[in-house]
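The two complexes that follow have subunit A in common; it is paired with subunit B in the first and with subunit C in the second.
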Partner chain A sequence: MRDLIIIGSGPAGLTAAITAAEHGLDILVIDEYLKPGGRLLGQLYEEPGGNWWNGIEESRKLAGRASSLGLDIRLGISVHNIEQIDGSWLVHADCETFETKSLLLATGAAEAPVAIPGWTLPGVMSVGAAQVMTNVHRVKPGQRGVIIGVNVLSSAIAMELKIADVEVAAIALPKTNQVNGKAANPSEVMNALLHVSHMAPSPLVKMGSKLMTNDFMKRMGITLYPKNGVRMWDIPVMLRKAVIRIEGTDQVEGVTLATVTAEGKIIPGTEEVIGCDFVCIAGGLYPLAELAALTGCPFYHIDELGGFVPLHSEDMRTPLDGLYVAGNITGIEGAKVAMSQGKTAALAIAKDHGQDIADTSLSEAVRQISSTRSDAHIQFHSEVEAGRRKLQEYWEQHAAGMRNVMV
Partner chain B sequence: MTDRDMIVCRCEEVTYGELVDTAGQFACNSRELKLRTRAGMGYCGGRTCRSLVDAIALAATERDVTQITLKYQPPVRPVHFGDLGAIPND
Partner chain C sequence: MTERILDHPVLGVLEPDQTVTFTFNGMKYEGRCGEPIAAALLAAGIRTLRHHEESGTPRGIYCNIGHCFECRVEVDGHQGVRACLTPVREGMVINGGGALPSPVRDWRKDNA
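Our next item is the complex of A and B:
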């Protein structure tokens, strides 16, 4: 039996593995992808100040560190079930079952789709898939693409495609229907972008600082937004046009765009077709909680964190003995926050294994998560800190409830 | 193609129109919508369409923030029957 199994070798999982190994734990890391690094692998962007964040390089550093510590990392293996039996955890992977005292779930996030007529045609992919093809496998997803869904992730990936010399004809909204929700509402999308303005397309930032002062100005902002979009790195970002159909018979041949009102209603007679050979759909990220959900761990839906998240403390413990979480499974944030969560989880786990971890070093690690969060260049939700506070309240209510039961 | 003909659940070939009509007729939550239409019950286990099925159900019902809509059940990845029956070796 292992001391610790970590599921997921992204920034959270690898950082946790390194920290726990430094404290002498016997660890196994499992990941279903072929390479360690998780979603770090796809990331490439310029930080304010001119430094480039190169995810492949960061993954290499983490994996190098892990291998110098002799860590056992198994790749290309999927975990399909986990269960707790007699105080230990059984991890059921493809052809093998592993047993461990402690289990850290660092499974990251999944992408949500947007649904547009034609979205099942070959050539339509999630924006993350286009990122992995381009940055990890170095295969062009196509010659000319359209991205549907305007958010932090899709604008970052649009720029990465541009760097790779893949033409992005437009980033536009999805059409309004019952499933596309706020992602199809120009005013909502503009507000969301302006709130994460340090990351948003720069022309928006300039407009944004003036527009944020009151609701009237915000509405004016979207009304005055140029119909043909604002160019970001030469890619038109269209907040007043929506893709109403993806065109093609056997594969993607183009999209039909239409101008929409500030609320996302299609203005008849404005339809136009633009040609492309691939389409990316970008509905945002949500915490990939499926394994945690099998354990009976309590969950709470917190919009600011991206969906349902497993209940956990600031030091990454869940209410279940020996079960810990770190990274995007706890809420959608950047890789640096995930790393600091991974480190914290590993310290909590080492402490629970009887290692000599001072309370002060654990609380310092918790503080590090907050300071990393406030310094983050990438923020997926403007109210992420409020979301974290909500979860902390749920944790305290849960802990109080448990105390009452014991009395 | 209109929204109504658009496939939402690819595995079970359930359309947007069928989901919206069912949700409207029965004011059902995600689970009931899944059971009535089979959306999310196919090979992929709802990994592609779960957020869409949820969104349609939420138009007619309130969200319970403490209950995951569309329960996860093992196996959460496709797995061979032979592998499921393998004997633990660690």
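Our next item is the complex of A and C:
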């Protein structure tokens, strides 16, 4: 039996593994992907000051540190069930079951789709898929693409495609329907962009935000937003046009766009077809927490964190004995926050294993998470701090409830 | 149609890697050893990985990171293998699945 199994070798899982190994724990890291690094691998953007945040390099550094500590990292293995029996955790993977005293879930995030007719055609992919093809595998997702969904991630990836010399014909909204909700409403999208774009990673969004925060643009707002979009990095960002259909027989050949009202209603007669050989769908990220859900851990829906998140404390403990969480499974944020959460989780775990961890080092690690958060250059939700506070309140209510039960 | 990014302005030059030969639906292709099957096929201009079991419509990658199972193919006789997660190896035999018979439904059409 291991001291600790970590599911996920993204920035959270790897940082936790490194910290826990430094404190002498016997650890196994499991990941279904073919390289360590998780979604950090695809990240590429210029930070203020002109440094590039190069996810391949950052992942290599983490993996290098892990291997110098002799960490056991097993790739290409999917975990499909976990259960707690007699005080230890059983981790059921493809062909094997592993046993551990403590379990850290660092499974990251997944992308939500937006529903558009034609979305099953080959050549339609999530925007993250295009990011990984381009930056990690170094294969162009196509020659000319259209991105559906205007948000922080899609604008950052549009720029990454551009750097790799892949043409982005347009970034546009999805059409309004029962599922697409706010993502199809020009005013809502504009508001969301205004609130996070000052932190956004790419010069593209920053440039756009300058335009949008300009008083004139603000006043005119979405009503006067140019129908053909505002060009950022030469890519038209169309807040007044929506993709109503993806065209093609055997694979993507184009999209049909239509002009929409400020509320996202299609204006009849404005349909036009533009040609492209791939389409990216950008519906935003949500915490990938299915494994936590299997344990009976309480969950809360917190919009600011991207959806349902498992209940956890500031130091990454869940209410279940020996179960911890770190990274995007706890809410959608950038990789640096995930790393500081991983470190905190590892310290809490080492402490629970009887290692000599001072309370002050643990509280310092918790403080580091907050300061990393406030310095972050990428923020997926403007109210993420409020979301964290809500969760902390739920945690305190839960802890108080437990104390009452015990008295 | 699609192509490899050999020289990237920030990420630099793509290191040469060992080439492997594999087959997909009976045709021979080359890929970089260890890259995912889906990337090797896309670099060879192939987007369609399978046809839907029921409708027979073409499907390719969607998420590219193992979440959606849209890229499932048969590899060396094993079904349901995710092409976006599975490294391509020398001599691999890969097949995209097609529409499966649906006898009950077909029977119902004429008999229900």
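In this section, the second predicted complex is superposed on the first by the 385 of 407 C-alpha atoms of A that agree within 3 Å, B and C clash if a C-alpha of one lies under 4 Å from a C-alpha of the other, contacts with A are read in each partner's own complex, and residues count from 1 in each chain.
The rule is short, and it goes like this: a residue touches a chain if its C-beta (ideal position, glycine included) is under 8 Å from a C-beta of that chain, and two chains touch if they have at least 3 such contacts.
Quantities reported herein were computed from a predicted structural model and do not represent experimental measurements.
**Q** Report clash or fit for the pair subunit B and subunit C bound to subunit A in the combined superposed model.
**A** Aligned on subunit A, subunit C fits beside subunit B.
**Q** Which partner does A:A115 reach: the first (subunit B), the second (subunit C), both, or neither?
**A** first
**Q** For A:H381, using the defined touch cut-off, is the partner it touches subunit B, subunit C, both, or neither? Pick first, second, both or neither.
**A** Neither partner.
**Q** Which partner does A:I163 contact after superposing on A: first (subunit B), second (subunit C), both, neither?
**A** It touches subunit C, and subunit B stays clear.
**Q** Once both structures sit on chain A, report the angle subunit B, subunit A, subunit C from C-alpha centres, rounded to the nearest 10 degrees.
**A** 60
**Q** For A:K343, using the defined touch cut-off, is the partner it touches subunit B, subunit C, both, or neither? Pick first, second, both or neither.
**A** neither
**Q** In the overlay, answer first, second, both or neither for which of subunit B and subunit C A:V79 touches.
**A** First partner only, subunit B.
**Q** For A:R317, using the defined touch cut-off, is the partner it touches subunit B, subunit C, both, or neither? Pick first, second, both or neither.
**A** Once the two structures are laid over each other on A, A:R317 reaches no partner at all.
**Q** Touching A:V124, do we find subunit B (first), subunit C (second), both, or neither?
**A** It touches subunit C, and subunit B stays clear.
**Q** For A:E96, using the defined touch cut-off, is the partner it touches subunit B, subunit C, both, or neither? Pick first, second, both or neither.
**A** first
**Q** Looking at the overlay, what does A:H301 touch: subunit B (first), subunit C (second), both, or neither?
**A** first
**Q** Check the superposed model and tell me the shortest C-alpha distance between subunit B and subunit C, rounded to whole Å.
**A** 5
**Q** What residues on subunit A does subunit C touch that subunit B touches too?
**A** Residues 32, 78, 110, 120 of subunit A touch both subunit B and subunit C.
**Q** How about subunit A: which of its residues touch subunit C in the complex?
**A** 32-34, 39, 44, 52, 54, 56, 76, 78, 110-111, 120-126, 128-130, 132-135, 137-143, 163-165, 250-251, 277, 288
**Q** Which bits of subunit A are touching subunit B when the two form their complex?
**A** 1, 32, 78-81, 90, 92, 94-99, 110, 112-113, 115-120, 175, 177-179, 181, 245, 283, 286, 289-291, 293-294, 298-302, 308
**Q** Taking the complex as given, what residues does subunit C use to touch subunit A?
**A** Touching subunit A: residues 1-6, 8-11, 14, 34-36, 39, 42-43, 47-49, 52, 57-67, 70, 84-87 of subunit C.
**Q** For a test of understanding, state which residues of subunit B touch subunit A in their complex under the given definition.
**A** Touch list, subunit B to subunit A: 1-3, 5-8, 10, 16, 20, 47-49, 51-52, 55-56, 59, 63, 65-68, 71-77, 79, 83, 86, 88-90.
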